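Shared between the two complexes below is chain A, which pairs with chain B and chain C, respectively.
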Partner chain A sequence: MPEIRLQSVTKIFGRKVEAVKDLSFIIEDGEYVSLIGPSGCGKTTTLRLLAGTILPTQGNIYFDNKSVENLSIRDRNIGFVFQHFAIFPHLTVWENAAYGPRVRGRKNSEIDSLVDHALKAVQIDDKAELYPPSLSAPDWQKTALARVIASEAKILLLDEPLGALDQKIREEFQVFLRNLVKKEGLTAIHVTHDQSEALTISDKVAVMNKGKLVQLGTASDLIFTPNNIFTSFFVGESDFLESVVLNDKEDFAEVRVGQSTIKVKNMGISRGRRAVVAVRREFFKVHKYEDKIKTGNFLPGVVVRDQFLGLLRRVRVKLENQQIVEVKIHAKHPIRFKENEKVRLVIDPSSTRCFEYPEEGVASALEM
Partner chain B sequence: MSAGEEKPDLEVKFRRSLLASEKWLSKDTVLSAGKAVTVGIFILIVLGPILYLLFQIIVSWGDINETVFNDPILGNEAFLSMLRSIGLSFEIAAIVTVFDIVVGVPMAWILARYEFKGKSILDTMVDLPMAVPTSALGFSVYLFWGTNNGISRLYNSQVGFASQGTLLIIFAHVAFTFPYVTRSIKGIIADLDLNLEKAGKTLGAPPFTIARMISLPMVKEGLLAGTVLAFTRSLGETGATLIVSGVYQTAPVVIVSWMKGLKIPTTAFLAFILIIISLILLTFVRLFARRVGLPWNKVFPRFERKLSSKKVTRTRNTFSIALFLLFVFIPALFVIVFLFQWWGGSPFSGEFEAGMIYQVFLAPDKKINDIMTALVTSLEIALIVTIVNLLIATPMALMISKMKNNKVKGFLDGLIDIPLVIPSSALGFSIFFLWGSNGLHILSPGFAMIVIAHISFTYSYCVRPLIGSFDSISTMYDEAAAAFGASKITAFRTVTLPFLKSGLIAAAIMTFTRSMSETGATIICMGIERTIPVLLVDFFEASTFPAAAFASTILIIISFVMLILLRLVTRRKKDA
Partner chain C sequence: MVKVELDDITKYYGKRRGVENINLSIEDGEYLAVLGPTGSGKTTTMYLVAGLLSPSKGRILFDGEDVTKEPSEDRNVGFVFEEYNLFPRMNVESNVLFGPTVKNLDLSESRQIAREMFSLINITGKEMNFPDEISGGQKQRVALARAIVSNANLLVMDDPLRALDAKIREILQVELRNLVKDLSLTCIHATHDTQEAMRVADKIAVFKDGAIVQFGTPEEVYNNPVSIYVANFLGETTEIEGIILQENNQSFLIAEDNKIEIETELISGTKAVALIPAELVDIHSISERGKITYDNNIEAKIIKTKCVGEFYDVDLIAFNQVIKAKELIGKNVPLTEGSKVLFATDKGDFRVFPIEEDEKDEKEI
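Here is the complex of A and B:
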């Protein structure tokens, strides 16, 4: 059963284009992991390194403790699903599925049972004798998956596999794909640019940026307890408040933002240090300044704009320190804020994250 | 499917050994060896003869100096007549190319942009002259313009409109070069993004200005490629020119006639000059094609608005089609009319012995036997050439298509075009020179030498479209096959080849047609064998026109069938 391990893998294209830098992580047997990140972050390169279409410049890749980094794609026995499916148009669905065992020289009886199982598993056995050009995109996708299952590969690599499908079908397929992978006992690695897809479909999500792994964790880890400033920026949207830690003794640390002092989650940054407080935009509450509120944990500010976005509204607020933060509130929020109206942004300390102020500055830490 | 569960299954055994041998063939060392062989064959068949010719010119410069420049009797007359023939060739090629562009560009526009009844017929008509063997075509043009059977009947003249010479050569060359320009831009015009033109329209530009300043610059490369092809084809053509030239001989024809007179050193030198000129043209075009700008950013609003008016446009379209019919289509196929005129006797005197039936089937020399033998020879040669060429061109095309180093790729790509631009008589001569008694002394002129010559000049026709086919196959299929453990050769057989099928068939038909119709190189490399186009020239020189018309018609019918096949194959590919 496959466990995938990358150890300090680096891939340099040409002389100096570092697509992947010193990448290490472990994917456990039977896990479904998605790779997400901005374009050019190295997620597709990582997938190709695992597939063996490119070989690493440095580092090791292990499938079940067996080093494979020097094997070509032919000898790794992986299943690869392409964004545009790459099913062979001149072969029927059945023949497509039979391709893997055929070119590996399996016996006909074995091929028959492998293909029958695969076609049933993806529910396309009724179209076995049809040619791909007469089928629809979801059936192409199923054929591509059947081909992988029939090849008996235990590692499934998916490169934007649902990218070519319509939104509605894509959502159905996310469930279908996950169930299939679990039922067949595969270890799957799925590259996508669609965050919600990644968060829905996978056991764990790996966030990458600039060729490095930023965070590997479950969907709720990434959303509620990001352990770094880039994840809280990239997965969902957060505002970042520059601050100084005043008190680091209790569960909630006291920090100074501009003239105000607020309580935030204590993440072990010592007194006197500069910090960045990350707050997801949906987690702010906005009140008129004159409203009575029970908590003292707020930042005063002035509304710049209240903009309708559909299901939500976006309110831009200028804080005392001139920083502009964006807050998302429900579209049916009873108050419509006017320009230059004074407001208080109430912050729930338990939904904040507090990171060490990055040496290179917040902007460069978020650079993609 | 489940043939035998327990008993030894032959199919499985066969498949396993096939896979194993393909795996062996896919080893890097074996593949490298294959690449070396591919390049080696290319050098042997195409580059070798040319290089050997250049080498011999340098080595035996003394001989050449004596015969070409300092003949004891003629002085440098040989050189002067070379210059005259080359000058004439250039003059004709230039005039012909201008006609092709002036009529061919509007024609391409009509075929790409208008929808009308009979469009596909007009489309086939435009392509037809390219498929018709030039000797048949030249003969047909000669009958139409140069004898009292053709155009001169319209005004009751006893002689033809033009006698053999420069004008008739131009007429003949216009007929067979015409398709090149139209074909090379028609597809591009059809694929242009119409929004760009609409944008031009919203900004107030008249259609003519839009076509000139927006659309044409985008078809520039295609236009240039077509122009160069038309120019070099005119410069290097032999078959038709032999028939219509009379005493005004173009350079390729001079090669043939000197070769017949066995003036080897002078012929070698002329072939050398022609090859050098063609190579310079090719290099120039490949290096500068992209940089040539279509000048004239100046706009003449009133004039161009007038040019864009419905009336002018309609007149222009009518003129293009009329000129095409008068100068290209009718002369090219007039020979068929002639055949029926002279079917059972002379249309003038009624004399039975002058007619086709007597000359071909009844006369004591039984020309039908010659024709059938020549036809079989032609078909045999074309078949062998096609098969060999597919075998040697496919790996070459694959290699060029997959090549990562762009400089080497561009260089090889350029080398592939060489046989396309060199006059086939010059290429044929250099093959005769290398393989025959003046060089390796392996072959004497005859069947085998014709085959080699044909492989050589059809090579580009085979490789070029195949490169396109390979380029159009997405690499993901290869990767998919590899992911399932298929070796490179297995992937090629099971995945690439099926994609390539229509491309291969198209390349095969092109090669076959070109081989069937070639004259210049064949005359030089043949012994006693005759191919159909050469036999046609013989008949013409013996003034047995009805027999020549019969042979021409057979050739035209074969070419027409090939053209239709080609269209079916390429169309099916587009639909898929």
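Here is the complex of A and C:
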């Protein structure tokens, strides 16, 4: 159960392709961490650096405070599971699992007990004598996991392990996988493009973009208290209001958005500075303009479209500054909004985030 | 801008059925989503419309004119595939101008259109890049531009966003619809993703085993699924089995000892299943009993909650069965595991289907 530490790790491919840049983070002993981010963000490179299949250009990786610089792949005590089941089709499930201890030269009696334990742990002991081609997709992945466990690996690296499974099976497998990792006391790092998978399965999620770590936190941190504009954008859906800070004294700062002044979470941006207010689309409330509302904390706008999607409704609203924002509301919300109808978008200040305006502009900061 | 009609189209691959007796009409400027799982006949339909396959039987009409025998290149159809299919050795601009070049259209005019296209699809600045130098989302934008730039008035897209990450998919869904509407194209878009279909389309055709099982606006299809299959394909539901009771002009489902008000024309005594979509199950605290105005308020216990981003997925136990609920985040609802709550629904939320008693017997025969 090792702790993993990356210290200022940079990997440059060829002369100039910086796949990861100055990456530093700690994964604690026994923790399940997912890496998410747009394609090309460096998540798979990070996994390969941990595995030792590639070496950092700069920086260092430590397992339990020991540098792994000179540790070969074999000696890193790592198990790898890929999307496309890398198991031996000509070996039975049992023989696949026995591969690790066998190449390490363990005694037959030891191999027996390691494999038996591994097959039981992944609940595939009843299929020990079968060959992979006769197994289902989830059983292929179970076989791959059994091989990792039998090899006594303490770190499990997973690259889109559920990518080839159907949605329903995928959700069941998520629960199974997390329980397995916890029971076997592994430290797991899981790369996925599926956010809800990452949020469900892990203790913490690392959001990456353009080779950098953007935020590492629990699911709840990323959803409710993102600490930067990219996390707000990438995890779920938010709109970004460009604004200027008018008052930075209270718990809620006052900012000007277009012609309106609203209160938002005070996140330490000083008066007179430009800011970007991030509001999750579930957190806006939309009211007809003439409705009596108890709060003055709103932005006026006109409805562009009220779209019914079954699961929910999306109301697109054009603000006075011509920006179009979107509100997610319950499918059964009592009011149907008409096109061009005047509305007020009520904002609960405690549900907002207020970030420093990015030097490169909002669009560039959100570029993936 | 073209009206497209499929008149009793059947396509067999040897003995294997692709699609059978497809009747479909897509109005001029309409955006149709073809929704169904893998193997339901979506791709076959797309290929037939584009002329990449010819039907075993039936006719295809564009603006009333029979084009069944016309080759693909004469149909003015822009096609976007799941796998982009860009020419790897041509840069973005050459890829987009490929159509006009081989069709001998006026290149300077085409280049002008392409330039407008690049800004419309947010790809300006990448014209000289090669396909392997741009992201998946950008590749699909280029493929889209290429499909549209050579005067296509019908856009056919076969699961165009499938290979992309969720975030890009969500952005492109909005962009796609806006683009199609801005250019007044007729569009057919196949997808296996219900939310995507609802997000982009004016109409949805639900496919199953090579046939259309339901057709209508997203709202019609969602509110009145014709079968359990369609209801389950549209989203996560819980099935509650019981017996129908008609009483004082009200309809009920008797499940265990509970009387759930529903809407149905089935007669009393019929064995039925009521499906409730997870997002229509509202959760309220027990103390709100009497203050909320739902047709049904049933006591339930929360056994599991997890936050998956925009929703909380909640499992409730009521009358000895698990009920799935989805609550948008941001709503103040008590979601502590183990706590007792009200499971609130309206009669119109249930999709009610009779349980065919003799179904089992038939299978046995």
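What we mean here is this: the second predicted complex is superposed on the first by the 364 of 368 C-alpha atoms of A that agree within 3 Å, B and C clash if a C-alpha of one lies under 4 Å from a C-alpha of the other, contacts with A are read in each partner's own complex, and residues count from 1 in each chain.
Just so we're on the same page, a residue touches a chain if its C-beta (ideal position, glycine included) is under 8 Å from a C-beta of that chain, and two chains touch if they have at least 3 such contacts.
What you see is a predicted model, and the numbers here were worked out from it, not measured in a lab.
A.B. asks: So in the superposed three-chain picture, is A:S67 touching just chain B, just chain C, both, or none of them (first/second/both/neither)?
C.D. replies: In the superposition, A:S67 touches no partner, neither chain B nor chain C.
A.B. asks: Tell me which partner A:I78 touches in the superposition: chain B (first), chain C (second), both or neither.
C.D. replies: first
A.B. asks: Thinking of the overlay built on chain A, is A:T295 touched by chain B (first), by chain C (second), by both, or by neither?
C.D. replies: Neither chain B nor chain C is touched by A:T295.
A.B. asks: Could you tell me if A:A331 is touching chain B, chain C, both of them or neither one (first, second, both, neither)?
C.D. replies: Touch status of A:A331: second partner only.
A.B. asks: If you lay the two complexes on top of each other, which residues of chain A touch chain B in one and chain C in the other?
C.D. replies: None.
A.B. asks: Show me the residue ranges of chain A that touch chain B in the complex, using the header's touch definition.
C.D. replies: 51, 53, 72-75, 77-80, 82, 84, 86-90, 99-100, 102-105, 107-109, 111-112, 133, 147, 151
A.B. asks: Under the definition above, what is the set of chain C residues touching chain A in their complex?
C.D. replies: Contact set of chain C toward chain A: 135-137, 165-168, 170, 194-195, 198-199, 218-219, 222, 234-235, 277, 279-280, 282, 306-310, 326, 328-331, 346, 349.
A.B. asks: If we count contacts the way the header does, which residues on chain B are in touch with chain A in the complex?
C.D. replies: So the residues of chain B touching chain A come out as 1-5, 9, 11-12, 15-16, 19-20, 474, 476-477, 479-487, 490, 494-495, 498-499, 576.
A.B. asks: So in the complex, the part of chain A that touches chain C is made up of which residues?
C.D. replies: Its residues touching chain C are 38-40, 193-196, 199-200, 219-220, 223, 234-237, 280-283, 307-312, 314, 328-332, 351, 368.
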